């Protein structure tokens, strides 16, 4: 029962961050929100008995992709600001 | 019927008669035309004098090959028409060389002279002749269109192209003439006839006021002589064709001459009444009344 | 705005479609045919405790090879237009703080060890080549953050990448000769189930995958990094 | 056959990948890397080749390749069957040649690019071989990412934006594919395709969703219209060498995948595939019309071709045993042609179609370009022709006429832009500022594929049903081939002589046994061909590109006469069309006209094809003999109408005539007589075959010959009237041909003895005098360098021999006695009265009168009147042309004097078809029921009179002085439009004023209107492709949603 | 409610959100973010599909002791296949995202704009 509650609240959080990621004008917030989606999804994967996937999603989806996003943002924003 | 040498002298005789009749007819018609216009007019034998004068002229020049050939073409056309037509119905001697072909041949042979003439005139390089030719060809072909319809009607009616047979079908009283058996076709043909005779209102081709005398402008002396010879022969040939196709043909020379004269007069009468048409006016005119009449004739035959 | 309206309409259509799919999905009570087979025979045939790894590396080894290839492709493509133009050294880049430097000099070896651990134990515990590789790459990120001026030796990555790739293909081919087929892990003895040196060539393959993924991701990251420094 | 050692196909993937990884060591040695890549590709090609070889020749059975030592469905397995061997071979081979071609680009971008390229080829191979659906997904991803990477091989902004769009769309598509795959796994319990097929997903509730997603995603990968903007942009942006591989290899691979996966679905999905394919085929080709960029246009064409393949796939059940052959033909043609064309596009570099003239610097490449275009459009002797032929026959037999119609329609639309492009290349200016570099590594692939196109065409010809009968083409086509090879080296003199000798020999050896109609047409085709070739001696230099095509045309014409089955007949028809198209295209300003000629011809050919297909189906005899036309059971009216209209595109009946004037008028001086006097008769021959086989048929209660009669009559009169108003001499003659062929059709429609005699007399005459006139006028045009009549004048002095030719020609044309033209007229009157079609007959007579007008004009304005100063010293036409003319004059004279020589035998064999109403002959006199006509007598009498008068006139005017025409000019004023003051301009102005309304270019307006509409639609629809990646992605989603509604039903 | 079903529903919703982002956002980086959400959705669906009610992770030394009879293993674990597939899919997703971002960088360098409508050179 507890896990179900966790799962549902996790789902709500995932969806909320996803909407935030897609809708916000602030790119940094968007990237972080997208990373959060991945991170929370990886928690969800643990609940779904998929530790391998959880690790991968955490390392790659929320880790490396976010880093690449930031590299690109940095690159692009630096230009915008001056 | 096949060719026999004896036909040659008879044909030449027929040709000679037609030639003289044609010359006299020309003179007569001009005289009458003058009288109607309250002028004295020429002497009836004046055409003979003109002809001799032309042949006798000493000054003589040429433009080249086609210039030479033009009168030859022209006269061959006229003579050929006579030669390919049976003149007198049921006469062995005056059937000429009609074994060579039929009415279709005549229809197409009419253009032989026209073509040569136009070409010869063209070589002269005088724009007047070119203008005359353009007008002439336009008008003649326009007139020819209803004519073809009328001819077709006759062919269909008698189921033959042979002039002899067409005349034969009209024997036995004047009510058997095409004039009465197919008045529409005849009417069409008579309207078309006006156009081919180059008389007012369809005489713009020669239009003496604008372009000295049309296509033959450059021709004179013996060349003009040959052309004038043809002027006697060619209208006669056409008239005879009409007589054969629409007016019961002729069984004797007097009948032929009388009918030809009357028919000839038809164009003269109309000519003295109406003023001249411009070329496109003529074309439109031919495309209107005669054509409509002719088409009705054909449609009646085809679907009626 | 009209465009958004269209998008909404189409998305509703898509949602209806998805709803249809969802309602046809009723969850699983038992394993299906394939999964049951793996569950029953995986341990015996492959000798790996981690069934996911067994599937990834052997049963579906060709997928994994393809997947590694995709990363390779991405790095290669990014490389040929995100080229460094050798002018970044002229530019002044802000020095990183001492704290970051010290922290990273301590952390990086740890991270690397963790990564290696993860892929060496891929056949026993959760994790494996990809995860380990990714961890190696994140170690590198830290390195890059702390020492922006240090020219990362991209040649090293390329060599590691090529060698591991070649060996990977080589092991696969060896499978044809020594065992049942391409990428068969039984070219090496299966060993005792559950120990480090078991599951035949599986750990070797996973190590190669880990090295390859790590070097590829690192290569990719440095490409972005270098471009960033470029101007 | 030789046994080749088979190599495990997994090595294709192993070697590809291994080499790609190995390249990492060669960062500096780019040439070594490139060579390694080629070596790898060569080995990959060889592996596939060994398999293909064994499958074809050694009866090899398909072989499963297991990975990881386990059996499917639990591990991934690959399959090497015949299809796999074929497709992998295609992929690796184009990869290999493409690799050579890309030498400079790949070297420039370095080792990375080389390995990406290699991986692309490897991935495509994997796509073809794998039997596991998720593995398929992985390979698809590899291929699409590699493609996205190669798009930016020329790193400019366009390439990057195209690559980005490509990635958005393909990312979405592969996402949906993945959902489909995982659900398929859920419902089917396996990922192996074979097991999924057995699992019958559609039987499970919800399984349809999985099937839908998988199939729709694969369809989307094939870039269906309109959800394909991303693909098209990629084609435009990426380097041509890459496009060649994408178009030739990727499309083939994904197509094969779809055919592999489609069995998981049921019949409905096949229909969906066919419909999507058809929409794509039509839509993409429609888009192609408006394109100005070569690569983009080819992109549309590629997408269209794939659409066509999808149609076949969807209809595979209906195509039955012929499916493989059809797909093989279309795929291999697309493969060779599209790769070849893209390579050429890379050589030309400039994107703009109108700048392709620079390719002419390398005539061989233009030759190959033509080859590829013809192959793409399914013209013989290329493989796609045989495929299309089989397709139409099979579909017709299955009663699927709508599909046949749409496929042919789409092909026609495709022809519009491809032929326009070819026209630009052959005709438009060679822009000197552009450079054309043709390094060996770029031309070799083109050569290889070009030659392969021919070889595989030959192979296909042996595989098609009835293919053994095609050996009749070998000798003539081999001769054409030899001419192509020596074309560059030999002068006209030799080639002309050889050609004449070859034609004479061929005619003598193969065609002497022909009888009846075929003999008559053989005289026209071969005899006429030889005479017109004689005129060819007038040309100097080498005349490159003339003889092969002229001979090809004659080979086609001869083939028509020799053909015994519909396949031979149709191939001959197409060969003739092709040859003549190029001949016409050779003219100076003939580009647009050649295009419209080709389009009308193709349209006609397609109608013929459809008609033959229907006949094949309707006769039910499963035979392709020409006799099936005699045994049609149903659709007879439709077949008759199709074939008749098809043939009449060649005879240029009114409504279908607009190509003719330009094509004939702008052609070279000795090509005009070929196409006008000879080629048009091919259409007539078609009608002869049709009408003799099928007799009279009616459609919707209307007798078709009756309609033909009206059509012929109207064509005759309108064609002639239009001729009257032409200012251009050759155009005038061309319109006259329209009219003359109208007579022929009219007379044939009588279906009576006299009617056919008339038609044949007309045809024979037209052949002689039109050849004569075109040669004569051609000679004049050659000297004066103008075709406008009023700019000439007075040429009789300088060119008397030509004048005489024209004079004789026009007398014969206008049907004046005593020359031959009269024969036709006289016969036609007989036939008309007998048949009772008076009014139509009257129209035809008027047409004759009108002909007289233009005949006169052409001779008058050109040869008579004031000579022009600038032509003062002009020379008579070259001797060879005059010789040809005088041979024809001889023929006219002979025929005029002894018409019985030809007409009597013709009448004799006509009796067996039309026994009633034959002519009686008394020596040279023909006697019909209605009248008589003696050609000899008329000739003799006329000449007698003419001679006598001429001699007499010569005598009386012997002292005539020759003068020069007055030089009348404009009185010192220079008019702004000098032609207005020239009598020869608008010669028949009165007629124009009176009846000009009759010749309003209604038909022209109609076709141009149609073309405009087509262009506007194309222009409108292509606005869909607004260049925005988001919009493209949107289309992808819409496509999916819309199709989900149609297939799953909401 | 089954965890698997929840995961699949969330996955579908994520996909819808991602597609919404791809189709409506003007900024190309936002479009790539939309993609990454889309990808996460895909992965969730896949993992959800493989979930078996009450199953444990498919690792034989954790909840399931080594030596357990095969039939019991079958009863005890979740489906390992989708998990294997997801591993592959995640890495592929990373590749695609990285490549897209690389394109973004290049596009931006050329035109200094992140608006997708600035890149419509090729059309019609």
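Should a chain be cited, it is by its letter among A, B, C, D and E, assigned in written order, with residues numbered from 1 in that chain.
Criterion: a contact is a pair of C-beta atoms (placed from the backbone, for glycine too) under 8 Å apart; a residue touches a chain by one contact, two chains touch by 3 or more.
Here the structure is a predicted model, which is why all the values come from computation and not from measurement.
Going by the touch criterion at the top, tell me which pair is linked by more C-beta contacts: C-D or A-C.
C-D
What is the distance in Å between the mean C-alpha positions of chain B and chain E?
99
Measuring centre to centre with CA averages, how many angstrom lie between chain A and chain C?
Their C-alpha centroids are separated by 19 Å.
At what distance in angstrom does the C-alpha mean of chain E lie from that of chain A?
Those two chain centres are 11 Å apart.
Taking each chain's centre as the mean position of its Cα atoms, how many Å separate chain D from chain E?
Chain centres of chain D and chain E, defined by C-alpha means, are spaced 50 Å apart.
Using the touch definition from the top, which residues of chain E touch two or more other chains?
Answer for chain E, listing residues that touch two or more other chains: 4, 9, 15, 19-20, 23-24, 39, 49-51, 57-59, 77, 81, 83, 85, 87-88, 90-92, 94-96, 98-99, 101, 104-106.
Mind pulling the residue numbers of chain A that touch at least two other chains?
In chain A, residues 51-52, 56, 60, 64, 68, 72, 75 touch at least two other chains, as defined above.
Can you tell me which residues of chain D touch two or more of the remaining chains?
Chain D, residues with two or more chain partners: 134, 138, 141, 145, 148-149, 152, 155, 160, 179, 183, 185-186, 191, 1034, 1037.
Would you please name all pairs of chains that touch?
Every pair of chains meeting the touch criterion: A-C, A-E, B-D, C-D, C-E, D-E.
Could you list, by residue number, the parts of chain D that touch chain C in their complex?
8, 10-11, 13-14, 17-18, 20-25, 27, 65-70, 73-76, 109-110, 112-113, 115-116, 119, 123, 126, 130, 132, 134-135, 138-139, 141-142, 145-146, 148-149, 152, 155, 160, 179, 183, 185-186, 189-191, 205-207, 209, 1034, 1037-1038, 1040-1042, 1044-1045, 1048, 1050
Using the touch definition up top, name the residues of chain C that touch chain D in the complex.
Result: residues 6-7, 10-11, 13-14, 16-17, 20-21, 23-25, 32-35, 37-38, 45, 58-63, 65-67, 69-70, 72-74, 76-77, 79-81, 155, 158-159, 161-162, 165-166, 168-170, 172-173, 175-176, 179-186 of chain C touch chain D.
Which of the residues in chain C end up touching chain E in this complex?
3-4, 7, 11, 14-15, 18, 21-22, 25-32, 34-36, 38-43, 49-52, 54-56, 60, 63-64, 66-67, 70-71, 73-74, 77-78, 81-82, 124-126, 128, 130, 193-194, 213, 217, 220, 223-224, 227
Provide the residue numbers of chain E that touch chain C in the complex, in ascending order.
2, 4-5, 8-9, 12, 15-16, 19-20, 23-24, 49-53, 57-61, 66, 70-71, 73-75, 77, 79-81, 83-85, 87-88, 90-92, 94-96, 98-99, 101-102, 105-106
Hey, which residues of chain E end up touching chain A in the complex?
1, 3-4, 6-7, 9-10, 13-14, 17-18, 20-21, 25, 27, 29-30, 32-34, 36-37, 39-40, 43-44, 47-48, 50-51, 55-59, 77-78, 83, 86-87, 90-91, 93-94, 97-98, 101, 104-105, 108, 112, 114
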